[in-house]
């Protein structure tokens, strides 16, 4: 099978205007992925499916990843040589930078015809609040139907062109997207017999006075 | 839900839904099958629209058993997610364990000792036997046999569960695999017991097939029902016995060759029609192949350690990276997608549930068939709600 | 004996009237079945065992099922009441049909020797009945048979004609 | 021929019907409350705390309230409060002990991870399975008195594992004693040193501050 | 219970009559007739009520043993008190009527069903002297009463105001219409051969033995065997038993027409199903298996009603055995089986029976020819139609990757 950068090069030559970049995976698995931009995603996906050299006809896995806004602290060291000829003076300068978050959808593609894979595709939304639309790849691989619904349900990515984009695991009236990192679970505490940690905090909030009867340590005869 | 928008993807016959009211035919009947229906295998629900008894529209409804497994996985340590994988497909906890352990091992670049690999193959094939046996029983139960095939299936299943119990301490929630090996070694006599079970399983299958495979009623109920084309199967991401019943030779044990599967001699049975009968028979034949693998594995299993000595139980923090790893579970391709940021918990923990994705084609298979067939088709897809809803 | 007859007659006529007057179509059908049973009871009272049981078997056992099927398959909504009074032409044809049936019945009654003494009913065995049907009345039996066959084929053609154009069941 | 498959099936059921009267392989039912199947040694259900001495279970718990199990427990069913003081353990060493050690068996999924992560072999898996209680909250919440079981009980349940654990503990203790003896000898050699402080509790993770009881 | 006992019969044979006379003998004539009739009703209800109770137990035990488990064994010795425990449970359960249900029909359905199935017991000859009602056209009466039972099932399904129940009602109707015909056609040859519609007459016609060995039961003729098979298959369907239990198909329609029934009404349905099964088996015994006749002359010392009971129980065992084994048919396959297989077979069988009775004078080598022709007439259509029915179905071979 072609390596991901070969595929990227081929894609760039086939789709001149498209932005395809390689995202390398530092782990031992070394499953590098291709980041596509939303505009060309479906055309590229169709190409990958139908290209005789790749024939990625099987979309195994579709999933979302939430990357919240992240404050990145960069430390830059500037060393100014001491004119007196002593050791260089090192000045550490910390700059804070806000890396904007996004929602990412990852597709793992394999080829049943040629028995190779995986080719990993990534799509990223503009941000996590209002630009959350991505093209649906369900018309290319039917396997995405339920999985994209799940990503929509749990992450809040809106797939344009999906035939039946409804919530799948949560109920229809549910508001939030539980798999987002900043999801706050609803305050629906029921008293549990092991109040400690978070549960204890909730227990105190819900049962201010008197607190629920915790099993007291009674020395047994 | 309106009736005028059938899923544009459904290419099955009968996909066009006529108007609800029709002067000559009377009403379409909308039946909500589930979540408390006896044959939806748990809390699955199908919104079925019937024309007489013919299914003209079928929408699966999920989520009654949803507990956000993936969120739990992201808030639990790598090790702590292992017992939760038991509860995905609670018939196949051993393969779930293996799939997860394999993913983490790939993420952290760990090796597994030889004996542990053999044990994993043995346990995975026993799980396959267990799952397919149960499926055959449930399928026949859905066909209306009054419990007899199911009880026979469960009788044999108990024997496998006994093996699991004496090895891992629990019948269904095994929690047995660890990153870099297995938790405990097989106790004395366990391998002999497994050999005895394997050798006796063939005769059970013979009897089971005598009971049902040649049965005219079963054939009438399953042959030609719910045909799945190879093209749709691949496109819809259908995996496992369903895919092979549709005639696609795609078995991850052969394709990926994970574990020690390349060392074993076994064949992959393929169906020609993709109907319910093929799905049933492919599983029966797979069981016979599993017996062959088990016999080889139990013959060849070496002595030695079962745990990578470098493996860490506490304070396990893989380096940043990402992995998608999959194995051939009894129900299809079960995969885990993990992203590590270097912390004790995975940053992203995703399960690729074969049961859920195999349900994509449920409507296509059921359209145009009667409601009785829909139940049997659902049974032949083989779902476990713990995995569908997660 | 007459008390029994009056009772049977009351039940039969009463259920028939109720079946006609009822607004619930399903109840009407079931009442109709009861009326047929009443007729059978009358046959039984008259000593015609065979006719009575055949009446139940055919009417209660089969015809009522067919009527139920028709009712269930053609109604639009299960809670909808029976159709209201129809137009003029429909009423006219109904009256004409009723008049024709009544004419035949009255003619038959008038011609039968009702005045004869109500002596003991002749003991008719099944064998005799069969012989009669296959002998003097064979032509009538055949005619009825042909009529029913034609009706059956007509029904099949009607039902099958609707099927054309629809996809056949998947093999 | 039509019906041959049906007859074959009928023959199988007849065989099973007859077989259920004489063949124990076919008739596998156990009449549960009267008969019980023998549990395999590996069988696990709910954890218990190992104490060295059956007479004084609270005084001889192996647990030192290090709270690793509480942290690692996937469903978070363990609740530990460290003691403020120290008490001598079975070997007479001064140790912190769990003032509160609760396990909510309604939440516990018997996954055995607490056992695996415990560095002191203080928590082991029990084999109880008849824990039905009429009250969900109190009946299934086991405190340390209910959880403490003597080491002999552990031997009874898991003889192989218990023997291993005892061996390991004995060697560790011996090694510690030898080390202590060597240290004492060294101390004697350097007699001018001040008296040794008691060794710190062998906690391996930084301990979180104790949580006050909810009541 | 009419026929006078001859003195040559054993005491046991006459025991029921003697018992009856002991109870009602002192009464004057019209009252005695009434008392005798009431006594028959009570006797039939008591015997079949108990049979129902223990049949449910037997079914569960046998089903259990077939499935390699003991079945109910906790209530009483070997679980013998289980039916009574079940009965008490059923009686004390709440009777739930859905608010949207048709209250009247919902109540009437189980009552009608049970009444109709009890009516069918009236004409079965249970022994030499044990016929509750002698009717000239008893067989017709039997099927007339039986035919109306599905009407009650329909009432139950429709009145429940439940979609599953409604589907079950439709299925019940289709099933009845389909299987009424083969059921009726399968016994016509018996009537043809015996020349009577009276059950006692039919049993009497099957008396005697050929060479003191082979009884003259109708099932021992080629057409009789075929008719018996058709009758039993249709009887399975008529009594809604597996593999034809479509109206209450658990895996599809929850419990079909019984979905909205609970408590005692449910028990009534249950009872009616078993009564129907017993009645149809009893009729099968009467029509084809020689009724109360003993199979061998030397066995005649055993009272006739014991023989009847033995044959009845054997057939019921067959019902249970089939239930333990077979999966369910689909509704279209069910009707296809009736119209394309059983009805033609029954019609051909009528011809075979006619041939058989026309050639009754044949003897010697002609007798062999008679058997050969009849067997061909029975087996030929069976094989041909069976092939048509299973066209396209069959075991398959599989390839390996």
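Per-chain residue numbering starts at 1, and chain names A, B, C, D and E are given in the order in which the chains are listed.
Convention: a residue touches a chain if its C-beta (ideal position, glycine included) is under 8 Å from a C-beta of that chain, and two chains touch if they have at least 3 such contacts.
Fair warning: this is a prediction, and the values are worked out from it, not measured in the lab.
Of all the chains, the one whose CA centre sits at the greatest distance from that of chain B is C. Comparing the CA-atom centres of all chains against that of chain E, the greatest distance is found for A. Counting C-beta pairs in contact across D-E and across C-E shows that the higher total falls to C-E. Closest chain to the protein centre (all Cα atoms averaged), using per-chain Cα means: B. Taking the mean of the C-alpha atoms as each chain's centre, chain B and chain D sit 33 Å apart. One finds 66 Å separating the Cα centroids of chain A and chain E. For the pair chain A and chain D, the distance between mean C-alpha positions equals 39 Å. Computed from the mean C-alpha positions, the centre of chain B lies at a distance of 57 Å from the centre of chain C. Contacts with at least two other chains are made by residues 66-69, 166, 170, 324-326, 332, 390, 392 of chain E. Of all residues in chain B, those that touch two or more other chains are 148, 152, 155, 211-219, 224. Looking at chain C, one finds that residues 72, 169, 171 touch two or more other chains. Put simply, chain D touches chain E in their complex at residues 1-3, 6, 9-10, 12-14, 16-17, 19-21, 26-29, 31. Touching chain A in their complex are the following residues of chain B: 7-9, 62-63, 66, 68, 70-71, 106-109, 232, 234-239, 248, 250, 255, 318-326, 333, 335, 337, 339-340, 347-348, 350, 352, 356-357, 359-361, 389-390.
By the touch criterion stated above, chain D contacts chain B in their complex at residues 2-6, 8-9, 11-13, 15-16, 26, 28, 40-45, 68, 72-74, 109-113, 116-117, 125, 160, 204. Interface residues of chain C, counted against chain E in their complex, comprise 26-27, 30, 33, 40, 49-50, 53-54, 56-57, 60-62, 64-66, 68-69, 72, 78, 125-127, 169, 171. Residue ranges on chain B touching chain D, taken from their complex, read 76-77, 79-84, 86, 148, 152, 155, 158, 162, 165-170, 173, 175, 183-184, 187, 207, 210-219, 313-314.
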